[in-house]
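Taking it in order: structure first as structure tokens, then the write-up.
When the chains are written out, they are named A, B, C and D in that same order, and each has its own residue count from 1.
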């Protein structure tokens, strides 16, 4: 068993504390906002100058002048604010954003992140990825544990060009929740039905299993059977 | 009486010369000066360097300018969108040069130019491919790289409301790169949804003071964007 | 529910420690947190480094803090006003250290800290007494000097309206140093004329987004300022 | 004869073209706004975040939150804008302000300006003076031609600490209007009743008298008798 994409997003959402300022990347991170526990106040930031974003706009109710960094039409919650790019990236680079939830291609044992140049990609594009990786206090990576060829994405050393060195704090995958520390990678949680040795077998660097390492608390609807996982 | 209004977008782009560097406002559609871009496409200037977050979509606006071979170089943070065929084709053929700049660094380099600064040290990019070869130093225990101010000959932006003094007001997510871009070019024109009388924008609501703006032109939004807007995408 | 409001200015300054660096907002009276300053004067912390445009007037507010011998160092652009007796006395006795920074450089150094930049090159001061000894280089044919980001432990400002999320709105000339100062300290408190419900400040009118602010406290203005205001000066 | 302080301000005011963005320093410069020809649209800037300032506020009609850089209560004209210090000094340092009218203690033949440290002054204060002197395209100096001890203020070389080197474009005094160029100082106008040799005798560096050098066109009410001048 492992987690669906929604399952990863669900698990990350539980981790974000009340009152935190959060930037969500494209892909799995985008799903996180849908799983924030009711009543918990979280402020979502978008690079193009929005703090306090609400859900995507309902079809037919889009505002032509209000998109997020992924070019989707969004809404504002009460207490939102609007600003220009220099201010928006002051929030990011100045360490004011508490959490960036980002996708990743590779993460190293020391927290190096590679997520801006895919192998074989012809036209590069970095967007705000580097600013987020360098500037945000807590960089959370969400990704599938393995490439679609079944190779580990958590490596001793990244092979792809880095987005930022030593920036990742937590890795949430369909198999595990891992904390990156100066002492190495700590395995804190594993997906339902897995165990630490299985997670280790799919992870290149050694994992230190914390006392209290436990199964992830994620609803059954977000679990995925091994077969489904193998075909991904 | 000071009057910075223009009647047409053709006047806005009349002075653009071959080899000019142009700051092109907007992030996605909000703030993108679509009608000025169309006028620029017809105006004929070539070998342009365009500074913009992305590479434009389809074959209209910036996509059109690139498609027509008017752009020699693009300075952008995210030209990699699948919709940017015009750019991708030209880039892969080696017909357009590309300088990739992290989005925050791009905004800050433009702001620095408008603020009369020579450049700044930022952590973003240090120890990566995009920081390679750049001057670097440790500041407060952190490696930082030097980034130069980015000046331009022209800046074209879109705002929501404008007046004859060049004061601009944006709505929602339109401010983006437009606020710094208006400060960093020798000649700045804004297309606006509505031209209002002087005093029609409250002093508290002026996001770009008229001092930064040479001309304002009232135009209806580019139909391509109206379509996108009503249909969503 | 997030609630950044405080009931009193005493709470705002409770954490200030001996030797702390404090960004003090305002230019003249607009934006000056007069009530927080009075609370700070009573709080007792010593050896403070205060960053402010001037040196305060008379013996209230910043003048009072200096008068009481709580200030070890002032970083300011214009401490030379004839009204600044408290500072002048202490300075001439060698009891307060002074770092003079050109006003624009002061604002920009604070902004740089809040923006995560290490510093910047500016022409202001090159070839003068205030530029002497600073790293310099030619950029685009102009001599420029390097100025470091200016970080602080605390920032205290005054705004017009605030909400429980820390969003601030200023009126008239209150924005001045307050906008950058709110971004550049570890702990930021704003005193406001009016605490409004969330949504009471339009998203377009938020000048300091709540992300930069730790606490907001609603207080009536310091009587010294009300007096000044109605009597003129 | 020479000019009163108002006369100097009057003469400077005639020089500022329609549509220009102008910062006025403290002292004689402050008076300039009162002499702008009717119907000429000029935008006055204040360092503390105002563009489009109107006259001083009438007593009893002050707005407590609206002062200029000299801490006077001011008004706004229609089309004014308000902003923070970083934006205000971007206007100055970024070369967007067309004219700064500043007082001076000394000006050198090459346009060096000294106006921030008075001799014998105990507490220094620079304010926005350096940013203006370094950043504004056209720096206009207004001052009395002589110190109150009768010594020239226009010198071969400044003796006081510089505000900025080579920044002054025009000098307007009670005796003359002088342009600073790379070829030296050009005497363009002299005060009513004076002549070029008299102006030269009160000026340390050599003055080049331009063809067309003429008497200043300033109303008689702003002329001052020599006696009055001597007592100042």
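We adopt the following convention: a contact is a pair of C-beta atoms (placed from the backbone, for glycine too) under 8 Å apart; a residue touches a chain by one contact, two chains touch by 3 or more.
These numbers come from a predicted model, not from an experiment.
Annotation of chain A and chain B: jointly contacted by C, touch as defined at the top. Remark: chain A and chain C have CA centroids separated by 37 Å (rounded to whole angstrom). Separating the centre of chain B from that of chain C, both taken as means of CA atoms, is a distance of 33 Å.
Taking each chain's centre as the average of its CA atoms, chain A and chain D sit 58 Å apart.
Within chain D, residues 82-83, 86, 89, 92-93, 135 each touch two or more of the remaining chains.
Of all residues in chain C, those that touch two or more other chains are 108, 111, 115-117, 122-123, 171-172, 204.
Arrangement of the chains shown, judged by which pairs touch: an irregular graph that fits none of the line, ring, star or complete shapes. Chain A makes touch with chain C in their complex at residues 18-19, 21, 39, 41, 43, 45, 51-52, 76, 78-83, 86-87, 89-97, 135.
Chain contact summary for the complex, chain B toward chain C: residues 108, 112, 115-123, 137, 139-140, 142, 144, 148-149, 171-172, 204-205. Contact residues of chain C toward chain D in the complex are 27-31, 54-55, 76-81, 84, 87-88, 91-92, 98, 100-105, 107-108, 111, 122-130, 160, 171-180, 207, 221, 225-226, 229, 232-233.
Of all residues in chain C, only 1-2, 111, 113-117, 163, 165, 167, 183, 198-199, 203-204, 206, 209-212 touch chain A in the complex they form.
Note for the complex: chain A touches chain B at residues 46-50, 59, 62-67, 69, 71, 73, 82-86, 88-89, 92-93, 117, 121-131, 134-135, 161-165.
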